[in-house]
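For reference, the structure is listed below as structure tokens.
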Amino acid sequence: MLNATFGNAAELIIAGIALSKGLTNVVKASITGSIIGNVLFVLGLSVLFGGVKYKEQYFNRAGARTSAVSLSLAAIGLVIPTLFHLTAYSSPGGWSPLVEQKLSLGIAIVLFLTYFCVLGFTLRTHKYFFQCRDQDIVESSTQWSPAKGVTILLISTAVVAVLSEFLVGTIENVRHSVGVTEVFIGVIVVAIVGNAAEHSTAILMAMKNKMNLSVGIAIGFSLQIALFVAPVLIFLSYLFGRPMDLEFTMPEVFAVVASVYILFQISGDGETNWIEGVQLLSVYVILGILFFYLPEPQHVTP
Amino acid sequence: MLNATFGNAAELIIAGIALSKGLTNVVKASITGSIIGNVLFVLGLSVLFGGVKYKEQYFNRAGARTSAVSLSLAAIGLVIPTLFHLTAYSSPGGWSPLVEQKLSLGIAIVLFLTYFCVLGFTLRTHKYFFQCRDQDIVESSTQWSPAKGVTILLISTAVVAVLSEFLVGTIENVRHSVGVTEVFIGVIVVAIVGNAAEHSTAILMAMKNKMNLSVGIAIGFSLQIALFVAPVLIFLSYLFGRPMDLEFTMPEVFAVVASVYILFQISGDGETNWIEGVQLLSVYVILGILFFYLPEPQHVTP
Amino acid sequence: MLNATFGNAAELIIAGIALSKGLTNVVKASITGSIIGNVLFVLGLSVLFGGVKYKEQYFNRAGARTSAVSLSLAAIGLVIPTLFHLTAYSSPGGWSPLVEQKLSLGIAIVLFLTYFCVLGFTLRTHKYFFQCRDQDIVESSTQWSPAKGVTILLISTAVVAVLSEFLVGTIENVRHSVGVTEVFIGVIVVAIVGNAAEHSTAILMAMKNKMNLSVGIAIGFSLQIALFVAPVLIFLSYLFGRPMDLEFTMPEVFAVVASVYILFQISGDGETNWIEGVQLLSVYVILGILFFYLPEPQHVTP
């Protein structure tokens, strides 16, 4: 959980800086990219590497199910502004950026409130749902003392802030020289680069047969992006005076829905094996191919 | 089961009167509204209230699964006319209201036949699937004698008929004065007002830890709307000489698909807890926000 | 497995001949038709007939789950070119047949590689996942000796080749005289006629209460069509110098997604009963009605 909050700090800072420069498309692409990157790429690699070493691995099914349902809920929330645009647009005078911003704000508030309910459920009323064996939890939580944890958090945040300033600044240049689109950079590049720490932790845990932690990191991270980071970015955008909506391109919406669906299928039985890692990665590669060939995003117009 | 048929009588009468006045959009909206209202709002409240009182509640998983698959089947049936319109419309001379009515009639017949198969399965061949403990069934079925049940059914039907005449009559007025759309009224208002009795029963049962009955009422009700009431309304519309099709607006189609999907995820493990109630209600609120901001429905044109 | 490969040979030959004559729409329709035909029609009949004889039937849930996830993955792969077309089309100069062919080729390669991973998983590392009781496997595999099997395979292939030459030749004639569309023939007629052998085997096994084999044939067959035959046809189309893409019409995409989804719901619990057969067949009939009324396919243009 600490790990996930940690990663979110980095994510929030990068996105906040991009937002203040008006790069809303990159911000939105990095939201979807983080979700599919964690669900497909990080979890896929973890399951694959773990599965190569251990024939079958187990994790807490009840906890994964709760998270998977929350992700589905978030996916529904992220589909709606796009659906609204598509539907309202064909109605004369029915669509306006202002109404879409209100709609997005409403959805962001619901997602944000749901996040705190999920937190309460996870940390308070049903804590036992998310634990596997006490030993795992203890071992990983005693690695760092709270003081050490906070220090590292602060230092890393500073480093991330500098790096992300640099990262966001160079996106425009890279984009023109390499010839890939904003969405491809947001969805694929930023998501992988920005979360390297979580990736390696999740994979290491899987190789130590601590699948519960590994799945927890990958799903927990996506969940926090969808239910916490995305709403906070909407709220921030109002502070910056450049309201952002939650409308995504059709391929982004599809990518999130497909990822969340595959995750639900794979996490439903509480066990993993290497082919499930391959399946997650295949979906990731297929989506990567799609985003690579897509022309510069046109936000949905029917 | 009696309860559900009872509710349907009210639903059918309200919709029948609206149909005879040519308010097909309200009728269709009340179909989708009843489905999502029961699956998300009623079940959500039941699971939440029950979950606040009891840490974990259990229901018969096999029965819920059969019902959830039937609802998915119904959702597929309700998506198709909209998909047909979208696809056929772009083909020159390919779409006509007549063909769409035939298509809808065909689907209605298949759904109607499936309903009787499901009834036979539920009440005859696999009755034990839907029972939890004998005691529950007995207790709730002995509350009313058959005679008392029928009397109450008849009286209530009369009351509902009068009320719905009034209800349908005032829709137009309310709509203009409050400034909300036909679809919002059908999907949110009619669905909640029209089914108040079922709502309270389902919630009460959940609070008595009779989750099996509670889930049975909420899912059973949606199922009967989708597989029985909707087809019967199509058949009725031919009697009234104003054939209705099963084409819904995109947001309605999405709302039904999303509700049925979330229901499947939540009912798959045969147990509920309060966060699942929150998740169902969050989806309901998000869909409510969508329908609130949507402009007056334009039936799908690409 | 032999059975499935066998059926694929027939499928590949029919499709190859159609491809060499430039009937890409029929080829694509027969891909989707084979998938939904096996998942809905063959499995539906098997489950129904088996379920009428036996109250509950069981199959290996872990194996079915792996196959169902692979089918979902394939469905995602088949949705993407259509989604790409829809999205890229609205971007000025964004869509070209060449880019779409590259995209389809990339997806075909990923699906093809995944197929061999799934094969390795099924036949090597996790063979026990797909076995039910030793007795079943032995009994069915001793029916034919390898030599007899190969001989029958060769003879049948020759017969199929002749028949399919004939079949493909007459499609155009039938189509005009009966007045049904290319897609309807591909999706409904070719899929049923072309796979009659598998159909009867799957149904027979279900009636002998060997549900594991029955489910294995129906799902395994769809899987091979989606992950092996479809990619090979793309590769072949390049040999013939008439590159085919994987773009399907919206109704085909919907039919595949709906079938795969219903399959996942039904196969999740490792047991079947007659109502599940009815549900699968209902979806098949509803989709059949859709394809019957659809006008001549317009490949997606927004």
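Order of writing sets the chain letters: A, B and C. Residues in each chain are counted from 1.
Please note the rule applied: a contact is a pair of C-beta atoms (placed from the backbone, for glycine too) under 8 Å apart; a residue touches a chain by one contact, two chains touch by 3 or more.
All of these numbers come straight from a predicted model, not from anything done at the bench.
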item	value
Steps needed, at minimum, to go from subunit A to subunit C via contacts	1
Same or different residue numbers at the subunit A/subunit B copy interface, by half rule	different
Intercentroid distance (Cα basis), subunit B paired with subunit A, Å	33
For subunit A, residues that touch 2 or more chains besides their own	268, 302
Complex interface listing, subunit A residues touching subunit C	55, 249-251, 254, 258, 261-262, 265-266, 268-269, 273-276, 278-279, 282-283, 285-287, 289-290, 293-298, 301-302
Of subunit B, residues touching subunit C in the complex	61-62, 65-66, 68-70, 72-73, 76-77, 79-80, 83-84, 86-88, 90-91, 93-95, 99, 102-103, 106-107, 110-111, 113-114, 117-118, 121, 125-126, 264, 268, 302
